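In the two complexes below, subunit A is the common chain; its partner is subunit B in one and subunit C in the other.
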Partner chain A sequence: MRSKINRIKAKGFISILDAIFGLMALLLFSTIIFSYFQNLPSLYDIFIYKQGYDVLTVLEYTNFSNPTLVFQQSSNNICMRLEIYNGVAGTLLSTYYKSGCDPSNINEKIAWRTFIDGNQFKTAKLAIWRK
Partner chain B sequence: MSYKFKTRKGQSYSIEMIFFVTISLIVIYSLFSIFTTLMKLNANEDKYYIKTWSSSDILVRTRGFSPDWEEDGNLVVLGIANGRNVIDPLKLHSLSNLTDAEISSLMHLDIYNVSIEVLINGNIYFQKGNAITNGTINQIERICVFANGTPCMLRIRYSLG
Partner chain C sequence: MESIDKRHKKGYVLSLAVVTILLVLSILAVQIITYKYSEHSTLREHVFADKVGFIIDDVLMDVKKVLSFSQPANSSIITIFENYSYSKSSFLSNEQARLNEFANLTGVNISFIPPSPSSIMNISFTNGMVYVTNETDANNKEIRIYNSTGSILHIDGYEIRIIGTQNKNILPVSVSSGSLHVRILSFNIQSGQTGIEDRYVDGNELNIWRINAPSAGQNVTILIGNISGKSNSLNIRQYSTNSISYVQLNISKNNKDDEEGYYNIFLNVSTSNSFYSDYLKIR
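Let's turn to the complex of A and B:
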């Protein structure tokens, strides 16, 4: 009789363990699903790219003649780094930084624009991020 | 005797399973509700930012409609550019003739007070509108350029009246 009670108790214990494992699995999968949704492109990502393309459009209009002056007109909470390459990402010709900003950032977004400077084909790479 | 005992065990497992499934459903529903509530809160906050950004796109990238509204006075869509991000000074100054309510309405931001500013080197070159300064003001800043190559910044501010 005592061994029968022990068997029942043991089965109860195993059932509770099952329930705990089940709950843990549920929480784990829920966390994975929700974190996936949260990792979808944010509004911040979308608008930072739009800001970048705006800057490239103005730079292109001014023929990339004075990037520093263009950077000064941009929003205070935006930082940028412009790299000019020969051809398509060939030799790095020059780099420009917005004053008051770090040279790079882990969250920087990249936008590219090709243009003609005189008789040379060049590529501009703009790294942009929020301060 | 032993048969009855087994039947009771099976019953207790079924009850346990139903209990567990119910708890699981409650937990899933709660987590989903919290998540959707947070998403809705974000979406409401973002709604007018997106709307204002879209209006600023039309403003800074198009001539508006009619394309020569500053001359013919037929203004349906507000645009002050004559190229992508290239500000047309004539259209900009014609903006001064519009009322603040007209500007809000044309930008589809009727419930907000809207102001439009153009800055050159941080100095205000043009200003029109009535975004108040003692409440919460949201703003969007877009880089722009004049036809002569002078870079500028278009700032749109909006606030609840």
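Let's turn to the complex of A and C:
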């Protein structure tokens, strides 16, 4: 009788142990999955890229004639740095910064655009980040 | 004995409770993951589609430097601007090479295929109208407009602005009267003077004007009307000269529909989730 009781006790103990292991496994997997999603582009990244594309489009529509003015008219909480290159990322010709912003940021996103200036093929690199 | 039974019962209830909680948590986790994944997929598609659209617009803006189309909103007038300060063949082959390099920089596959031969560029409109610019012979460049799908181009008039070193005077050679409005402006960039020709002609007849270039035997000839059996067509040709820098054509249509059309430049742009593979659209 006693050994039967002991077997049942052991069974109960193992069930609880299984449940605890299961819970730990669940927590582990949840952590892995959520950290994976954390590293994927967020809504913030999408917003930043969209802003970058819009700014570069406006810059090209205005022939890159006054980047500082375009920067001034952009959203206040966005910072930008524009680099103009000869050819495809060839010689750096000029750099423009948005006033009130640091020159660079560790979280900056990069967007590129080509444009024709006279007979020259040039590229514009826009670094953009949130203040 | 009874207390052992009670304890066993307690153990099982506890196990069952933990298993139930685990099950609920698992379902919740799966739901959150599914939601996050679908949200993320949508965002990814959105950003890639945006990027493809952005690249197409980028290429279009470059091409517009040599040949551009525009139509203001709710307007019956379309404008085609021809820039002769570029050699189209050189421009297009340079653009092709540069975009190949640019593709490596942006991580987007870009394939820009110029027309063959690259000296003949055109815009084909969905209403059948075709604009052709032929630079095969640098001293005999030619522009043609006609309806490729019918015998008449349904338009109300042309305004032609020619800017270059040709004379300002526009000489009517053979002109008939009718209902097609024609206005020609010849602007000489050296003297700053402009000649104007403004009249209504018969679009079913062949009407001819000539603008002489500075040297003898050189001229710009404008044909409007019935050209090769197609009414309301247009042809601007430079004979033994390369005196025109720009041509702006304002074409009055008989409706305000937004014109759609394509350059004869094939463009492939693709990212991992989105792609464009078609002739380059004019807008």
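As a convention for this text, the second predicted complex is superposed on the first by the 101 of 131 C-alpha atoms of A that agree within 3 Å, B and C clash if a C-alpha of one lies under 4 Å from a C-alpha of the other, contacts with A are read in each partner's own complex, and residues count from 1 in each chain.
Heads up, the rule we're going with is that contacts are C-beta pairs under 8 Å (C-beta built on N, C-alpha and C of every residue); 3 or more make two chains touch, one makes a residue touch a chain.
Everything numeric in this text was worked out from a predicted model, so none of it was measured.
J.: Quick check on the superposed pair: does A:Q72 touch subunit B, subunit C, both, or neither? Answer first, second, both or neither.
T.: Only subunit B is touched by A:Q72; subunit C is not.
J.: Check the residue A:F21 against both partner chains and state whether it touches subunit B (first), subunit C (second), both, or neither.
T.: The answer is neither, since A:F21 touches no partner chain.
J.: Of the two partner chains, subunit B (first) and subunit C (second), which one does A:T57 touch, if any: first, second, both, or neither?
T.: A:T57 sits against subunit B and subunit C alike.
J.: Can A:Y44 be said to touch subunit B (first), subunit C (second), both, or neither?
T.: Neither subunit B nor subunit C is touched by A:Y44.
J.: In this superposition, which partner touches a larger number of subunit A residues, subunit B or subunit C?
T.: C
J.: Do subunit B and subunit C land on any of the same subunit A residues, and which?
T.: After superposing on chain A, subunit A residues 8, 15, 19, 22-23, 26, 30, 37, 43, 50, 57, 61 contact both subunit B and subunit C.
J.: Flag every residue of subunit A that touches subunit C in the complex, lowest number first.
T.: 5, 8-9, 12-13, 15-16, 18-20, 22-23, 26, 29-30, 33, 37, 40-41, 43, 45-46, 49-50, 53, 56-57, 60-61, 87-89, 111-116, 119, 121, 123
J.: If you look only at subunit A, which of its residues touch subunit B in the complex?
T.: Within the complex, subunit A touches subunit B at residues 8, 11, 15, 19, 22-23, 26-27, 30, 34, 37, 43, 47, 50-51, 54-55, 57-58, 61-62, 65, 69-70, 72-75.
J.: Going by the contact rule at the top, pick out the subunit B residues touching subunit A in the complex.
T.: 9, 13, 16, 20, 23-24, 27-28, 31, 35, 46, 49-50, 53, 60, 83-86, 119-122, 141-145, 149, 151-153
J.: Mind listing the subunit C positions that touch subunit A in their complex?
T.: Those residues of subunit C that touch subunit A are 4, 7-8, 11-12, 14-15, 18-19, 21-22, 25-26, 29, 33, 36-37, 40, 43-44, 46-47, 50-51, 54, 57-59, 61-62, 65, 86, 94-95, 98-99, 101-102, 105-106.
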